[in-house]
Amino acid sequence: MDLRELTALELGALLRSGEVTCAQAAAASRAAIAAAQPDNNAFLTVAEGPAPAPDLAASPLAGVPMAYKDNICTKGMPTTCASKILGNFTPCYDAAAAERLRRAGAVSMGKLNMDEFAMGSTSETSFYGPVKNPWDLSRSPGGSSGGAAAAVAAGEVWYAVGSDTGGSIRQPASHCGVTGMKPTYGAVSRYGLVAYASSLDQLGPIARSAADCAAVLDIMMGRDARDPTSLDLPAGGLLAALTGRLRGKKIGLPRQCFGDGLEDAVRAAVLAAAGVLKERGAQLEWFDLPVMSYAVPAYYVIACAEASSNLARFDGVRYGWRAEGGGDLETLYRRTRTEGFGSEVRRRILLGTFVLSAGYYDAYYKRALRARAAIGQAFGRAFQKYDLLLTPVAPAAAPRLGESLSDPLKMYLSDVYTVPANLAGLPALSMPCGFDGDGLPIGAQLLGPAGGELAVLDAAHAFQQETDWHKRRPPARKTAERSPSPAEPERKGGSL
Amino acid sequence: MKITEALVEDTARLARLEVPAQERAALAAELGRIVAYMDMLAGLDAADARQAGPQPRQGDGLRPDVPRPSVPREALLAAAPAVRDGAVLVPRTVE
Amino acid sequence: MTWETVIGLETHVELATAAKLFCACTTAFGGAPNTHCCPVCMGMPGTLPALNARAVELAAKAALALGCTVAPVSRFDRKNYFYPDLPKAYQISQFYAPLGRNGAVELDDGTVVGIHELHLEEDAGKLVHDRGRGQTLADFNRCGVPLIEIVTEPDLRTADQVIAYLERLRETLQYLGVSDCKMQEGSLRCDVNLSVRPAGSTELGVRTEMKNLSSFRAISRAIAWEAGRQAALLEAGGQVTQQTLRWDEDRQLALAMRAKEDARDYRYFPDPDLPPVELDGAYLDRLRGEQPELAPARRARYQRDWALSADDAATLTGQRALAEFFEALTALGTPPRQAANWVMGEVLGALSARGMEAARMPLTPPTLARLIALVGEGKLNRNTAVRVFEAVFDADGDVDEYVKAHGLEQVSDAEVVAQAVEHVLAACPGPAADYRAGKEKAFGFLVGQVMRELRGQAAPAVVHRILREKLEHTP
């Protein structure tokens, strides 16, 4: 049996039944990482030595190897945010989500590559080299949680925890053919997630199925006194509540998400997904969401403004890298920050500093907040009518490496379908729904109202009971030579 | 909104970043394109900005005033670039 | 030309919480460098602020007592600037929606000082300069200690008014339990905004801000110095530059500080990590209900109800705990005049000898009330009572037990006193004869001898009566 073909829940069940030992699971993960790392550069740190034996009764995912995006603080393990400036930083504390996962028996295999400080849509802004897409190593896995999506797609770990500020979980999940979810803002404590844009950042899972995502969220969600923006949503019970029933659910399709700029292959795949949902009993309806056009400018104003302040603490004084050569305090600040941050991070800090400056605050920052409020209200009205919304995740499948870096504005515009959920704080999930002409995965996005995690997951679960896109694996490379295992026959039905 | 080289320089000073003189013009042009796109926000006429933030919390629902032991200094300063006598060293701040 | 000085104050007061504003580290003063710290107050990556409920409550209490309107929803903003004492490179403060606005404080001279706003914010760390090595050492123990900043309108005109305002502010905040207001530990710090204008003018001149004023005396001197400097400058046809000055108490002059950042460069924006705080009517009503009677009201009441002098009333209300101690004595039946004398004399003396605040006094009102009652009942004389007071003060000992155990009860038994009087008269025939010859002074000497014979425990009235009888009725 190739353990890498299993979902996280399937592996968890085998671990509990004793058919597979935790050591075997960890060894399979370690071997997969060793094989894939030279190709895809998904990991920044690989955990050394055997993990302490987890309590297998702690959760359905106990003992299942997983990994964290490298902007999630892990006590005693480097947390670099893929930046030079935090190259030597090892936190003396765990993120709240990591604490909860450890108590639930999660086995961490290490830390995953990403865009520097989660700023980017391609995982190419990492100081430690770009991540490559397991489906086509000449392409980006998307970003910023590109290492997380690539590692799950390549079978290195069974699930990963990423962060999503403007699509950073959903878009790489889409580009890598895996399932990723950003829950409601505040559903998961942000304590220990190195902030990019505090009012938009959320942690969430990248896994092989909606059911796996539900199981991870059951562990991570819940109020945490250390994060005052965390919500007291009903925690746990998502996995148990999945039914796959869609009958009578009303799903809205915003016309503005299917217009210009969307590649035909993506439109076709997402509409085909809509058709599957309809067959399962959902009612589909087109509607207008004109305020969408303000989402990208509002997002970049707010995200950069918050980032300029959040990243000011990286000044070479208390931790992290400090520019050599001495000099006065101002020189130390400027050189540390100029040499320690990459160009995309510097660009966003400058943009954010500008939009908060005296004389520009009202014209940019305040207007962006108004647009954000208007977007939230428009979604509020939509969810009075619809249970869920369906949109593409990205305008096209994974771009070629190097293609996006030359034109930052073009890269920003590609976030158009994902940023609205962050601005409005809504739960949103990306699920594989097909391939383009180059054999690259395409994802569809489901959005729900605030606190509507279950509705989103259940619809995706229904879709995945009906289809097998989420079970497709990238063409095996080096590993295939060692363990030739033809793709398993397609299985219909739930993974539970 | 035109982004001038002087504005780039001023913004970089506030952000404690260096922009070499020879890169300033190109950066100003690039930021100008992005800011021009953001100017689209002026076209929206709506909504109270304050509705964009998180819901207020009641004053008595906050963290109780109970002190806990602090974290050992060695752990806090383990990643500090320069330390002396338990304090973090920086270049002098007074003339 | 005659110049009028116009002054507004920005006062920072440390709140009396046990834990910091956004984390659970202690607010205790001092400590070895960086030992009152955690990842949150050190601004480490990924950490978040969690607001201390008590800090909000204390700030709201202060705002109410200073007559402010308390915002139903108050918000926190980030003030962005780089400095090594500021770990996050922003200070969490309140800029757009402060907790309190539009308050007023009336001074004894009738001046009304408008309170422009009162807001919550976090303190920064401490930088120690090693000039020898050209280095600065950063200690983050103070980082995140909760402060309120109280900003007045430019309503003050003289240094005396400034001191009167600060004393009233300190007294009020101490009464509320909002702060201990110790200037020497930096828990009350005041910056002075000052401008001058020709007398009679209604326009404000260009102002300067003076910092590093560490005592009331320094504030008075700095005001006189800066008002003089500005007036001289204007007299000479010059102009005042808007700038921040640092008062140098050793050299008795102020020097311009190097600006960290222009005010317009702070880029204030709402802190996305902290939800707004809602203080509803019920919350504020509870705080109003908990507000103690403040010192000015008590002073008026003491003068009105108990005919105490203004000075005595002021002394008794100098500390809330002292006033409450005094009032508790009267409630236990001690006559107000006697209670006042004991509190202003023995109690304040004992506290000052111990360097102790009234709030920490071990002695309780029932103990002192009993002691005063024993004197009143003639069971103790006052000098003995003072000895008993000293003995029971530190452990709030039992007065009756102590008196009994040490045999201090006053001797009022006529036979015992008479015996002692006879002894004395026999031993001192000279003074007795002097008295009979009309030298009234000799009587005092004889009283003293009798008291000595009875080890000071005799009731003076009884000694007087029996001594006179014996002197007059025996040859």
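First chain written, first letter: the chains are A, B and C, and each begins at residue 1.
The working rule: a residue touches a chain if its C-beta (ideal position, glycine included) is under 8 Å from a C-beta of that chain, and two chains touch if they have at least 3 such contacts.
Quick caveat, the model's predicted, so the values are computed rather than measured.
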| item | value |
| --- | --- |
| Most widely separated chain from chain A, with each centre as the mean of CA atoms | C |
| Most centrally placed chain, judged by C-alpha centres | B |
| CA centroid of chain A to CA centroid of chain C, Å | 56 |
| Between chain C and chain B, distance of the C-alpha-averaged centres to the nearest whole Å | 40 |
| Separation of chain A from chain B, taking each centre as the mean of its C-alpha atoms, in whole Å | 24 |
| Interface hub residues of chain C, defined as touching at least two other chains | 39, 42, 44, 50-51, 82, 84, 136, 138, 140, 265, 267, 272, 275 |
| Residues of chain B engaged with two or more neighbouring chains | 14, 16, 53-54, 57, 62-63, 71, 76-77, 88, 90-93 |
| Sites on chain A at which at least two other chains make contact | 89, 92-93, 199, 225, 228-229, 308, 312, 315, 317-319, 329, 333, 353, 357 |
| Touching residues on chain B, where the partner in the complex is chain C | 14, 16, 53-68, 70-71, 73, 76-77, 84-95 |
| Residues of chain C defined as touching chain A within the complex | 39, 42-51, 78, 80, 82, 84, 87-90, 136, 138, 140, 264-265, 267, 269, 272-275 |
| Complex contact set, residues of chain A against chain B | 88-90, 92-93, 185-186, 199, 225, 228-229, 291, 293-294, 296-298, 300-301, 308, 312, 315-322, 326-335, 337-338, 341, 346-347, 349-351, 353-355, 357, 360, 363-364, 366-374, 376-377, 408-409, 412 |
| In the complex with chain C, residue positions of chain A that touch it | 71-73, 79, 81, 86, 89, 91-93, 95, 190-195, 197-199, 225-229, 305-306, 308-309, 312-315, 317-319, 329, 333, 353, 356-358, 361, 365 |
| Residue ranges of chain C in contact with chain B within the complex | 17-19, 24-27, 32-39, 42, 44, 50-57, 60, 73, 75, 82-84, 127-131, 134-140, 258, 261, 265, 267, 270, 272, 275-280, 283 |
